[in-house]
Amino acid sequence: AKQNLAPEQPAQEEPLEPITLATTTSTENSGLLAYILPDFEAKYNTQVKVVAVGTGQAMEMGKNGDADVLLVHAKESELQFVAEGYGVDRHEVMYNDFIIVGPPEDPAGLKAGAGSDAVEALKLIAGKQVPFTSRGDNSGTHQKETALWKEAGIEPAGDWYKSVGKGMGPSLTFASEEKAYILTDRATYLSMKDSLDLAVLVEGDELLFNQYGVIKVNPEKHPGINKRGADKFVEWILSEEVQAKIAEFGKDKFGQSLFIPNGK
Amino acid sequence: MDNITNGFFGALELILSGNREVYGIIGLSLVVSFVSVIISMFFSVPLGIVIGMNRFPFRKAVIMIINTLMGLPPVIAGLVVYLLLSRSGPLGYLRMLHTPQAMVIAQVLLVSPIIIGVTLAGVKDRGNLIQKTAFTLGANRCQALWTIIKECRTSIGASLVAGYGRAISEVGAVMLVGGNIKGHTRVMTTAIVLETNMGNFDQAIAIGIVLLVLFFILNILLQKYQGA
Amino acid sequence: MDNITNGFFGALELILSGNREVYGIIGLSLVVSFVSVIISMFFSVPLGIVIGMNRFPFRKAVIMIINTLMGLPPVIAGLVVYLLLSRSGPLGYLRMLHTPQAMVIAQVLLVSPIIIGVTLAGVKDRGNLIQKTAFTLGANRCQALWTIIKECRTSIGASLVAGYGRAISEVGAVMLVGGNIKGHTRVMTTAIVLETNMGNFDQAIAIGIVLLVLFFILNILLQKYQGA
Amino acid sequence: MKVQISGLCKKYDGKPVLNIDNLTFEQGRIHVIIGPNGSGKSTLVNIISGLEKADHGTVAYGSNQKRFEEVRGSITLVMQHPYLFNTTVFSNIAYGLRCRGADKKQTELLVKEAAEKVNLSAFLTRKAATLSGGEMQRVALARALVLKPELLLLDEATANLDPESIGIIERVIRDFQTATGATVVFITHNIFQARRIAERVYLMMGGRIIEEGSKEKTFGNPESRITREFLRGELIF
Amino acid sequence: MKVQISGLCKKYDGKPVLNIDNLTFEQGRIHVIIGPNGSGKSTLVNIISGLEKADHGTVAYGSNQKRFEEVRGSITLVMQHPYLFNTTVFSNIAYGLRCRGADKKQTELLVKEAAEKVNLSAFLTRKAATLSGGEMQRVALARALVLKPELLLLDEATANLDPESIGIIERVIRDFQTATGATVVFITHNIFQARRIAERVYLMMGGRIIEEGSKEKTFGNPESRITREFLRGELIF
């Protein structure tokens, strides 16, 4: 019946079984997936079931075989995931950057004191003990934050350091309400900007690079994994056409792209 | 507080939107909760009556376990069902994860203790007298059970309302086993969470209001039916 | 299913850990829910009895609103309290957001409809007879109320258990208004969600088991007290 | 306590079930109300004891015409189908005393005394729900009597008692009345009982008092034909 | 239906409340049980009607000694404190017929007939909870009689009725018994009533049957001293 619906579409390929994509909330919440996926679904006459969860849960779903493809951003964990044999064929897809945002008044004086130096910024925050919000959920963003603190030689602790254990969006809301600094990915920040009272204070440090990767779940670990679908998906998302589309995303609304494609 | 006012307008907009996705989400919410409560009802109400009225060994312990399960966190219920239905789980071959069916299973787990527990308390004091009366008039077991249900309909109705209230409002279980997949397993509560996470409080409240209004209408229907 | 087995060991480990953070989370969970139910109890039980027993204009409408509020999604309850207490909200000057107090307020909102609704159904049929009897023996209004509570303790107990069950298991409200701040407002359910999001299913289940075990113990205590 | 009723009217669904122009229960007497099922006897005592509200009319209590609220503590009703609290017999009998804040020792004393009077001494620690029908009825009586009310309303309070118990209870009520000077209103279907304990007799029918008078007159030489017929029907038994 | 009881024993908390070696209710008679409160009358009929379980002993039903399960449909008990379903009078009376799957028309016919017999025709659409005490008792009677049981157990079923209604009900029961040949067991505290309707009389005390015989013998020339005393106490009234 499905084939009858669009039988004479030119780019029509053989239909695919539905694919389950486990991803972090930033890709879905920013609207990227809603922007690019219809193209894939039409092309292969299939459905991509997007399960947007925490990075850890996404990995766990991959391990359990409950997803066919992962689109996440936590390089260390991703490499380990592949090394342990749960995933195959990791590719980088795109990147954006992390930024440090905070109260527009900038009580720790990051703008003046740190410029674009993220580590310096954290030192300033810790030095003045101004409130800082940490996602504290072992996500890609949290892993990056931990790395930065390490770089700064500080073990953050105390009342000013609030580990809230939730996703990027709620953490941003929390930081805004508490007038606290926070490390965030640019995409989520931009998409929520209007409801937040937070300004971008530190950006452009090369340490703040945020790489997204796509991994196929190892089809040999569990029966029933949609290997063909995963192959096609990775092939598709790395195609020039789609990469170009990713580059376009957000320009109209935010005046800049939210993700910069670097698929390879 | 603007958000709340906006929420009201938002709710109106949603309902009048004619948007198929919105209607799909609303419909799925209602159906999943409704089916869960109906399925649970068929065993939970009789079970509540039987446990409430009869003495048997370890009765108190059984009641306390039921009471305890009223405190089962939805996420845990979801997690257990997830682990069962996951590809790597014992029922993985059913391929039921991330389907409305899976959501129903998790919700049945969640609402049954409430329906059993409240029913049980409602029939404990009066059930025996009603049963005896039914028996003296020649009712068989089934008929006596049905009579008890009718006579205690206030309490049993409350148990169903409380159960339905929990089912339609919880998010942890449906989120985990359903996956909150757009157009497929997204329901009102998962949508509320999504909107809240994105900072769209107006929209979250709007969906919440729609949910409550629908539940209110459902309650009116139930009340009508109870009266009859 | 390994996760579930591991969860059991994990639960044991947690309880025996001697870890102050773990105990803090458990303690806060118990206290917040307990305080919420106690506060709600003081007005919800009498309110349930009064609504259940008396005829007054719009009574049916009131009951249906209460029933409807049983379906209030925790996130929405949380959101409303959040908007009230947020810096830009009307009560922002209290600086109560992200404190245990705020969590209590949200939970009171959440459990009261359940306590009122189940109490109401439980006293509807018998309350008047008990009240009349009390009055003929010279009880004043307060004493009659207390007598009704004692006579209908099964149903009222069930309402409290259901209320406490909801309070201790819900996560949407406490997450929003509490903020899930480590060492400050993190409770068992928010910890469960966090562990789940991080993919630590074992740990999530372990906390869930601890929660259920504690609630079980609480039920035993309540039962003891009810019997007395 | 004297009770003066005037213009009392009660309807259910538009159907009048009580319609009493003037009725006075004098202080310190035993008044017996007889009459067929559904004639409004229970409705009348329920209104006097404040459990139901009349549609019209007033009930004034005591010689200085007090309102119900002022005397509620001195009135006790034993209902036609008494509800026993789901506790022990002792607690049931002690209930009213506890409400009045009586101290523990005195309560115990009074409860034991009352239980003895109605032959329930052996039952004090029993759960009320396990009693036989007649035993339950005696608990209901005891917990009313223990309060020493100034107005005691009894609605078929001996219907399930055995003959010996009936005799005992009647004596208890008479003794109680003589000792305290209370006013007693006693509803019964048992004309023999009415003959034994009444000072004044009232015949109700269709919500009205259709005959009222001393025992001697009502039973010996009733005014109305209806009363004669009602009593005739009775005496067959 | 004949009822044969042997070695029946029931204890509560170690205290025996029923202890009957041999007792037979012959088919097609009206048996009246009298006895003081707490003597075990209700316990006995509850066991016969399957509502309670005996600790020891057996009850055999019918001439070929059937077990309870085989005859449950032919036995009906009117309890001492009947529970009326929270519906209309009609539905209450129709209850048993509906359970037996009687068709609608016939049910309506039988219910109306039964209601007329107990003088409740005008009450059929009323909610049972709004009835007076005596009216309730008549509903309980009607819903039992409408089933035309082979064994009809009545536990103080006329205690709250007015004299005229008592007369009517007694006639109804007698007529029913003659028409169907049913066995009737009737508990009452009213000796006059026992005299009127009994064919055989049983006096229970302390859980035992202490006198058993035809009406004439028991009332005219009782065997035991206790019976004489019990009846004497009665006749004062």
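Quick notes on this one:
Read from first to last, the chains carry the letters A, B, C, D and E; within each, the first residue is number 1.
The rule we apply is simple: a contact is a pair of C-beta atoms (placed from the backbone, for glycine too) under 8 Å apart; a residue touches a chain by one contact, two chains touch by 3 or more.
It should be emphasised that the depicted structure is a prediction, and the values quoted were computed from it without experimental measurement.
Least step count on the touch graph, subunit B to subunit D: 2. Centroid distances from subunit D, each centroid being the mean of CA atoms, peak for A. Of all the chains, the one whose CA centre sits at the greatest distance from that of subunit E is A.
Of all chain pairs, the one linked by the largest number of contacting C-beta pairs is B-C.
Annotation: 81 Å between the Cα-based centres of subunit A and subunit D. Mean C-alpha position of subunit A lies 36 Å from that of subunit C. Distance between chain centres (mean CA atoms), subunit B to subunit C: 17 Å. Those residues of subunit C in touch with two or more other chains are numbered 125, 176, 193, 196, 201. Subunit D has residues 86 in contact with two or more other chains. Shared contact sites, meaning residues of subunit A that touch two or more other chains, fall at 167, 170. By the definition given earlier, chain contacts exist for A-B, A-C, B-C, B-E, C-D, D-E. If you check the complex, the residues on subunit C that touch subunit A are 86-87, 97-98, 175-176, 179-184, 186, 190-191, 193-194, 196-201.
In the complex of the two chains, the subunit C residues touching subunit D come out as 129-130, 132-140, 143, 147, 150-151.
Against subunit B, in their complex, subunit E makes its touches with residues 49-51, 72-73, 75-79, 82-83, 85-86, 95-96, 99-100, 143-144, 147. For subunit C in complex with subunit B, the touching residues are 1, 3-4, 60, 63-65, 67-76, 79-80, 83-84, 89-90, 113-114, 117-118, 120-122, 124-126, 154-155, 157-159, 161-162, 164-166, 168-172, 176, 188-189, 192-193, 196, 201, 204-205, 208, 211-212, 215-216, 219-220, 223. For subunit E in complex with subunit D, the touching residues are 12, 35-38, 42, 80-81, 130-135, 138, 155-156, 159-167, 189-193, 196, 230, 233-234, 236-237.
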